[in-house]
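Letters A, B, C, D and E mark the chains in the order given here, with residues in each chain numbered from 1 onward.
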């Protein structure tokens, strides 16, 4: 099922980017791809394409479809966790993995280690689901595990994937072509960054052509980073205190820094009322890896 | 007692919407409706229509009357709760339900699970009462239960229902008619969203005709969402640090996201000094359901 | 000692309003009144009119005099308090009342229950003293009681009563007369609201006539609420991070909501940099009542 | 060593004010005074005039010299402190005084009780040192005492005394004379207030003559308060998140309130980005007094 | 390997300054210097010049190279640490040093004591690494030590060193020369200051020549402080919620205060949306020194 057009490279401007994450307990990257979803308004029944019960979610499919919910929950481990008996901490990952397994027909789960990069978190989870209640069911079970019960949620944002708004073939043909002229070609990403974006009343009150123009200006300088930064966009207005959740994966943080500077240097930036706060940077890991690392069952020496 | 006009579908624009919540321990939706309250200033004695002592509050009635208080309290369960003996946690729901029963002649109580959607809460309660002191009495007893005593309040907003301000038959006939031209027709809502709204001094200093015009512009694009989003409005100026509490129920979060974007795209949005912060999204549940889920007496496996 | 003019009904506009609070352990309202203090600058020795040692403070007098300090301290009870033995909690009120008794020649104390209305508090105290150090001495002893030692202070504002600034007989005769043309005539207030106010540099840099004009515009629409909302004003610039503490008592929260909307709809509102944050709403109770309610020695059932 | 000119009455405007604080364990006020330091840039070696090792710091001297560091640390006592055995709390003051004694050749220490006035603190310390590292050494030892170890730091600001910037004899002769035309003549101050000040980029980008003009406008209305409010200024740009620490002592809080209103009513106020936040008001006490009061070894009864 | 040009004296304006810190357990300052890195865009593979495994990082080299990550983590020690047995606290430094030793082929670590200067921290670490994941690995091991496990992270910022943007020989020859006309000549710095900087959308939307002009205006008044303040710059856009981390070392806090005032007095300051918050001031110490001081194994007496 190879797409002829790869829409996931579109967002803000480019739309929903390649959602490439790590498999549950390993490090193999899922293949990019997925069929080209028809552009247009979100389907009225977002759960229409949900897989059959008990069959595991098709990772490639859910990461490229529209009307899918992304639930980002950011956690800080309480220090008391480290004082539990080592046996408890050694058993933690298995308990968490069992919860992931239990919900595998409803959600997929990605995990990221942020300790050492961010004051307010140690790790974060990204959960995708066709039904947001399924994401809640998973996260509620996760919080009931030993590891989850010692984790405080410091941020939680919910968004939904939607069709492209601006840089479509119809509205902005050249830029739309540019989005598909290059593919990520760096080594597999080791880092992910989650950045919430909220826009001002002035932005939302601009006409559609005005916003299209600004997004075109925003898009042009970003094309050169398609080769080393992957992107995915979630819409959050009314679901959380943000308008968008932007998600990136990269192996080249210097290039990523330059991309974000380029995004700062266009007029659209003047309409941001929130851009970050928090910026959450983590290393891409398996769920098991995150739990084991933070369980530090092997002391430093 | 079927209303000929259904004023509860009006707020901001539409006024106080259908207040459809779950019955105490079940999932049956109360019927929409209630008599048409006379438009005009709030009655000087808001307790005038309070029911007789010991008779349970008439849910349909209190949810459609004017001068009723809505008390929204948002809670985060302390992690220590999960470390109580399972027997304590299993008994928690019954203790809370007994408190609800004790106060049933003075208040009605709705419950929502927010865990997994919001960093600062696990659940919230919506309490309606003719006398705000009765809501306090209930909530004080609730906090004295085992479950309540392990719950930290992270937000608490108080509002009162009032007659329509703007989109009345007299002031804006066509839009007023539009508000009644469609009815919620989606499956029963599974999600509720509470969003506080505060407006700037510039807004409040506009003339009444100016504000009417802005609310008309705000109302027009929202009519199409009457079929899939229910709404109810509470006035809070001086009672809490917000001017309004807006409350929504829906089964279609994509449609809700689109409705909120439509509300962002009108000039009224420029006068918001608070819109969200917090936006609290939850699943609609019975009180018993919320307590039992967060008591996780059945481990994940 | 019946006043011919009742200046306490003036503040912002009306000046310092009737300070009607509950007596220590009862519910009888003190009578409004008190002699007309000479308008003008605050006396250089604010302790001049302090009562003799060991005689209880004259409640009516201190609530109407100028140069009196009002110390508002807002508290959240730590959850550990509820886990103390019932005997300890049953004895709590008596210990607090003994502290009030010990300081009765220096301070008067009012108490308000906010649980169920405000996320950041369970109750607040309002202490009046001729010497601010006496208020500190009382509050320090209060914090040394069992109940006080389990109470976290979440807000603490200090202000002083001063003569009218604007709506005096000399400067604004008609409005001044209006302030005295109506008296509170509702049932005894059951609710109190404390709202801090801070004004911008632009406000303070306006000329005296400009500020007078704005306060006149502010005053006119409030006259109609003299019958159902009592008010008192404290000046705080330099003493706390606010310019004013506004304090209200009412039995009609709908009328109060309307009054605050009226205050939002005048140009003066554009100069507010803080109006609320927190807005603290509570039920007026005796000190004993607040302590006993929060000690919940009688479980919900 | 009686000064012919009393430079401590200058700050902002007046420069560094009279630093009058309480001696270690007593209540006697140090005499105002100290030689007139030569105006001009801060000496490159701020430790040049430090006293010889082991000789106690000359209090009068350090409080009037330039290039001296002032370290303001604000504390909240954790509630667990009050649950320590009474013997531990009774011994607390002696332990703290021993630390003060140990460092008496390097720092002087003033203490203030804020409980009952401020939500975020119970007391604060003001430490003066010629070498900022000596202030750190003292405060580190202080935090290692029983009392210090139960104290959480809620604010900590560091500043340095510098020569007058604006109202010098050369630049503004008349106002400079006015600063020396009156002396504090009230009873010994019982209250101290610490207020941080930060100014906007617009302020700092004004020309020197423009800023001089604004400071002259600021100074004129304050001259009348020289008799009842003492002041001292510390410069903090780059050392803490504030530009200035302003420190006041008074016995007349009504006069102080009027002084701060006068400072709000000049254009300079429009350039404040921080003025307070926190405003910390305390009673001036000995170190021993503060520790003993907060150790409440004598229960309220 | 003596540089003919010393690029580390450039940043903002001057670029990346001399990174002079204390060796692991001693106080000897590393020599300034390092080869002149070629100006230009950051190399695509920032890890290209990483040293061979197991050989200790070359301190002088990493502190002057481009594409190096700086990870600033700021900590507050929990009070429970001080209540651990003295033996545990005495052993703490050795355990931390072993972790530093374990990672010495991947990271270098500098430590600073902030207790007594900052409310939100007791110390901070600066970690340099060619691979940001290596910094995370070190910090994760550090948090697993006894000392680290009692440390709460209150701020954590990540940046990367990059070539000069503005004051290059090509773009601004005279100022570029000025940057190399003076060398730090004061005694070894005892103090370090970390100040985050974030710039507005207006700044980033200025043209390159406009920004060059502002940075020239910013640079000129700072040249005089090259002799007593060292500087180093890290770029953080997209990596943390800041655009830059500015880092200073000095022995003369008065001169530093004057430098920061000079930086406040140029138009560039009008484009700061964050400058500090926090400003973190500390004394430069060895890792061992910081741990031992905060372990206060020698009580004050």
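Some notes on this structure:
To be clear about the criterion, a residue touches a chain if its C-beta (ideal position, glycine included) is under 8 Å from a C-beta of that chain, and two chains touch if they have at least 3 such contacts.
Please read these numbers as outputs of a predicted model, since none were measured by experiment.
Steps from chain A to chain E, minimised over paths through touching chains, total 1. One rotation lays the C-alpha atoms of chain C on chain D, and its angle is 70 degrees to the nearest 5. Rounded to whole angstrom, the centroid-to-centroid distance between chain C and chain E, based on C-alpha atoms, equals 50 Å.
Between chain A and chain B the centroid-to-centroid distance comes to 31 Å (mean Cα coordinates, whole Å). With touch defined as above, chain A holds no residue shared between interfaces to two or more other chains. The touch graph of the protein chains shown is a ring with every node of degree two.
Residues 41-46, 67, 69, 71, 73-74, 78, 95, 98-99, 102, 132-133, 135-136, 138-145, 149-150, 152-156, 158, 160, 162, 201-202, 204-205, 235-241, 243 of chain C touch chain D in their complex.
Residue ranges of chain A in contact with chain E, taken from their complex: 79, 82-83, 113, 115-119, 190-191, 193, 195, 228, 252-261, 264-267, 269-270, 272, 276-279, 281, 283, 293-294, 296, 299-301.
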